[in-house]
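Below, chain A partners chain B and then partners chain C, in two separate complexes.
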Partner chain A sequence: MYKIKKALNSQKVAPFVFVLPFILSLLIFWAYPLISGIVMSFQNIDFGVKVWVGPAHYLKLAHDKFFRIAVWNSIEYMALTLLLMIPIPLLLAVLMESRLTKAKGVWKVIMYIPALTSVVISGMLFRMMFSEADGSQMNRLLEWFGKAPIAWLKSKPTAWIALLLLCMWRWTGVNILYFLSGLKSIDDVLYEAADIDGASARQKFWYITLPLIKPTTIYVVTISVYAGLAMFLESFMLWNGNSSPKNIGLTIVGYLYKRGIEKNDIGYACAVGVILLIIALAINTIQLVATGTFKKEER
Partner chain B sequence: MKSKKILAAAAAALMAFSPISVMAESTEASTEASTEGEATAVTTVGPENGTKFEMWSFVDVHNEFYGKMVDLWNKQNPDKPVTITFTTYPYSDMHNKLMMSLQAGEGAPDMCDVEIGQFPNYTGENCPLYPLTDALAPYEDKMVKSRLDVYSQADGTRIGVPTHVGASVMYWNAEIFEKYGLDYKSVKTWDDYTKLGEQLKEASNGEVYLTSVDTGGTDWMWVAMAEYGEDWTGGPDGEVNVELDSVKKMLTMQQQWLKDGIAMVSTDGHVDLEAGYKNISEGKIASFPKAMWFMSRFVNYMPEMKGKYDITTIPVFEDGQKCSVGIGGTGTVVTNQCKNPELAAEWLTWAKCSKEGEEHIWNDLGFDVCNKSLWSDKAFAYDKSNVYNTFFRVMPYEVLNDLADKDAIGTVYTTSVSPTLNDYINTTTLNEVLEEGKDVDEALAEAQDYIEMEVG
Partner chain C sequence: MTASTAKVRTSHHTAGTIISTGLFAIIGFFIAFPLVAGLLASFHPGRELVQNGLSLNLDFKTMTLNNYKYLFGFGGGDSKVDSAKYFLWYKNSLVLTITTVILTLLVCYFVAYGLTMYNFKLRGFLLFLVIATMCVPFEILMLPLYQEVTGMKLINTNAGVILPGLCAASTIFFFRQYMVTLPRELLDAARIDGCSEYGISVRIMMPITKPAFASMAILCAMGSWNNMLWPMLVFRDAKKFTLQIGLNTLLTPYGNNYDLLIAGSMFGIIPILAVYLLFQKYLIEGMTAGALKG
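Moving on to the complex of A and B:
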């Protein structure tokens, strides 16, 4: 007993004890599903009976028209959300930090509230707002401008306006929060020094804020890349199910769900999952290398 | 520093590999939806000493009906009482849970409702369901055979008990036609129907459409196939073929209706949705073909339409064709995780096929029952206390018996190709043809190519 206690208290063992819960959860909830997912992608699985099929699923994926649509939609969605969800929240965060802004707390709360709502509810509301019925909010808006009502969710450009608006409405507040915490870590002394040197507000933003907030930006880009590629629920709720007209809302995870759950083809779905992993890893690695995350730390 | 690299890579990988976490999120989401909308209900019916079963459904009223049947069974069979715990989940939530629990080999209920579109997922070689052939034997010759066939394995083993026939019929807003002095009752063929549409357009100044055509449902195509005796799935052992004359004729006709302003495209894809009920109750459309179970939508969602609607058989392309087809349905199954499957099967088949059970199915749920020996039973079919017998301008079983007399109910199968086929037709082909005016032959050829590649 004493020995165990001593061992646990020793400087060599104690750190491992502290990180053990994390290691365990990593192994159980990440490594195990990852490995069994990869194994299952080489199998046909039918109610407990597993048959080894080699790379058949991957070969089929290569010719799968809908998988291509799904990958393209996901990448497009990721790219568009990056374009919108990095600069806009950054600018809003800077504005919120500005001394000229009144009632900062109120703004923060207002911007953050959408993140607390469930996607299920917000997706439903957006579906109703963008309904093709004459009385829907967006068609009423068109009517004010003297335009005829349109079937918003049936063509890609208009449907994606809804999809991206939903994303922005929901996540802008969260990204603002990340950027705000980044801004807080920038030393005021730098701005004071810049003021004394006569720098304009734009110059301060460009030469002080942007470079110093880079770590935060890298983090936000990394999680946005993944979030964009893994988008599913927004599309699922907007079209009230996994089927959208001409698959304009089909994403990689949507396709995985369609194959694995709706068509009972778990093996094939696992192959889709593995490809998603590879794409996300590739994009994140390129981006992290390009932004210098892997470079030796300067001392 | 190297460890930092690895850590960064691991962090990226951790975030990337999350289909699983995303799926977990989605299940959570649908439960959330259920608390917002339809309540997830759990009830137990039966005595303490009864054999205990668990049963799932995605329709609350189905479970209410089963509950009544438990009480009735226990009264009639005091020697073998059953006690069943019923749980209602939202549609996709329940089917996902059932699929996962059967895949995993544990956690599945003893009995479960399975929607017909989902059924092919369970009919394969390693079928996880208990065979019901023996339990169904006493009812077999009284039931509509095609309805038993759709819930069977390829070798004919019965694995699901049907709920209704779902015979498709034509619903007419008689009030509208009377207002404009038009006669819908003499419509026999689709040509007559089209002419009526032109008259209605003129009389109403284009305000009322004859019907709405679906971009998110295949009912119209099923009707066309049944009329020509075709089936795009090829049936249990045929080959899939969507380039059928019947389908081409129907789509070409619908395209023309849209061009001529006789019909509109169903808001949100088909009429069995909020927007569809609105179009019906506001008189924006004057008629539509739908299965008999759609009657309950009138009673539940459009009670103000009482006395306004009439039901007839559906027009045909050529005289003498069949004019109806069984659409939709729920097959109830006993899973291989049930500890006492003989009793479960005996209770289940009794609850859904016996006269006692069918009375509840017709009076409470408003379905056209599968036990056809009851159709001509006047006390059963024409009871005035049944809400459906007074809601419409005709007693529904009159239409059903008319169909039965003419042997006019055809069959289109739901097979293992159906999920792929329906998915492609509903998301792509119908939108291309009806929304974008694409050439029918071309659109169907593309559909055929894709489906062949998928199932081939």
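Moving on to the complex of A and C:
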């Protein structure tokens, strides 16, 4: 007994005791579902009976009209959120760091508040603001411009305004905070030296801020790519469930949910998941190679 | 510098200050808008929300406390849902959130401690795996995990919701980032004094890591309180619903429960808003930890 106690307390064994929960969790709740998901994507599953069907699901996916809409919507959403959620928060963070802005603490606290609201509550608020009723906020805005009220959530361009504004509303403040922490890590001496050399504000941004904030930018882009591709609940809330008119809000995860949970077609849904994983890893790899993250030793 | 150029520079600065601060004030207005509109709507009958949608309704004459009276069980309101259900969801969410935060932080702390304070062969590989798990979106694992949890008979249990997320890679990573900066000599000093390896991790290191615990606690509480997708799959029984799942069931196309929905939504933000306002300093540190090292 004493021996066991002593062995457990040695510096060779103790680290493994500490990391044991991670290893277990990794095997049970990550590796196993990942592998079984890939295996199931080659199977037909009916009430627990599994039949091997080979690549049949993937061949079917290639001609699935709804899957194509879903992939296109997800990629479009990801691209648009990247366009909106990287440059704007970065510029706002620079502006907030500058001496020009007063009452910084107040703005920081306020801008984070939307991120505290759940997707259920924020989605409900936006759904009501974009309601087709005459009295909804957006239709009142149209009325103010002398236009007739419209059904915002029933056609793609106007519905996507709601979807993108919801995303901006919730996450702009969070991204600003990320960029602010990146800006803090840049040495002030660099800016002072640039001032002595007579650099303009734009030059300082372009030649000091932008290159030195790159690690933060890469981090924010990476999480935005994943969040954009895996978007589901926002659309689920805006259209009260997983069916939007003409599938304007159908995303890859939405289709996975529809097939796997609503229609119990688990094999097919797993194939959708595998394709999502491939798209996510591909985009992430392209982005990391393009930004030179793998060439760390050169720095 | 002559007096006149100095004057030009200050007035230039003043204009910039007004523009820049004004911009943040405008953004602040747009951020507050939906929440203020929602708060005002919670003092109006729910059917107005169905008929008119949501807008800044400042008509004080029609404002009533009825929705909140109904919510707190004093009767009234048009809702068909028993308001006692709401507080059941609320209680479920509180229990789930508190349990999740305590367990996740403890487990992630010890894992990070093992990965930071010892040199062993597999360490680099395990760290790589921590990052690798972050690269696979949860949504991909969702279906197989659901089957697995069903097989383990954990459907409708808090354990089914908590266990798969217990070793949160981002939390482990954050604790590690924090502990890497701490001096390891402390450990050797404690060892000489006869403290066991586990005793050191609890009695020496844990108190020093308190700030990291604070910021992770807030992030974890937020995530858990607002979590929707995975609990929606695990909790099939209406008695086990969390607040978010419950609120979602009130959102019917006919809008017969909107009294409860709007008042309940506003009341549902309060706990997390309170935690945020009390601890927002720690939160900002916690959030930005991953970004610094890139």
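FYI, the second predicted complex is superposed on the first by the 273 of 299 C-alpha atoms of A that agree within 3 Å, B and C clash if a C-alpha of one lies under 4 Å from a C-alpha of the other, contacts with A are read in each partner's own complex, and residues count from 1 in each chain.
Simple rule for what comes next: contacts are C-beta pairs under 8 Å (C-beta built on N, C-alpha and C of every residue); 3 or more make two chains touch, one makes a residue touch a chain.
A quick note: this is a predicted structure, and the numbers were derived from the prediction, not measured.
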| item | value |
| --- | --- |
| Partner chain(s) touched by A:T117 [first = chain B, second = chain C, both, neither] | second |
| Touching partner for A:S36 - first (chain B), second (chain C), both, neither | second |
| Contacts of A:V220 with chain B and chain C, given as first, second, both or neither | second |
| First (chain B), second (chain C), both or neither touched by A:P211 | neither |
| Contacts of A:A280 with chain B and chain C, given as first, second, both or neither | both |
| Contacts of A:V17 with chain B and chain C, given as first, second, both or neither | second |
| Chain B versus chain C as contact partner of A:F47, first or second or both or neither | first |
| Touching partner for A:A230 - first (chain B), second (chain C), both, neither | both |
| Touching partner for A:K102 - first (chain B), second (chain C), both, neither | second |
| Touch count on chain A, higher of chain B and chain C | C |
| Common ground on chain A, meaning residues reached by chain C in one complex and by chain B in the other | 26, 30, 33-34, 37, 118-121, 131-133, 226, 229-230, 232-233, 237, 253, 256, 261, 266, 269, 273, 276-277, 280-281, 284, 293 |
| Contacting residues of chain A [partner chain C, same complex] | 9-12, 14-19, 21-23, 25-26, 28-30, 32-34, 36-37, 40, 92, 95-96, 98-103, 106-122, 124-126, 128-137, 139-140, 169, 172-174, 177-178, 180-182, 185, 214-216, 218-220, 226, 229-230, 232-233, 237, 240, 253, 256, 260-261, 266, 269-270, 273-274, 276-277, 280-281, 284, 293 |
| Chain B residues touching chain A - in the complex, by the definition given at the top | 1, 4-5, 8-9, 12-20, 22-23, 25-26, 29-30, 32-33, 36, 92, 96, 99, 102-103, 105, 121, 124-128, 215-216, 267-268, 275, 278, 419-420, 423, 426-428, 431-432, 435, 450, 453 |
| Touching residues on chain C, where the partner in the complex is chain A | 13, 16-17, 19-21, 23-24, 27-28, 30-32, 34-35, 37-38, 41, 49, 51-56, 107, 110-111, 113-115, 117-118, 120, 123, 126, 129-130, 133, 135-148, 163-164, 166-167, 172, 196-198, 201, 222, 225-226, 228-229, 233, 244, 247-248, 251-253, 261, 265, 268-269, 272-273, 276-277, 280, 283-284, 287-288, 290-294 |
| Interface residues, chain A side, partner chain B - complex | 26, 30, 33-34, 37, 45-49, 63, 65, 118-121, 131-133, 151, 154, 222-223, 226, 229-230, 232-233, 236-237, 241, 243-247, 253, 256-258, 261-264, 266, 269, 272-273, 276-277, 280-281, 284-285, 288, 293-294, 296-297 |
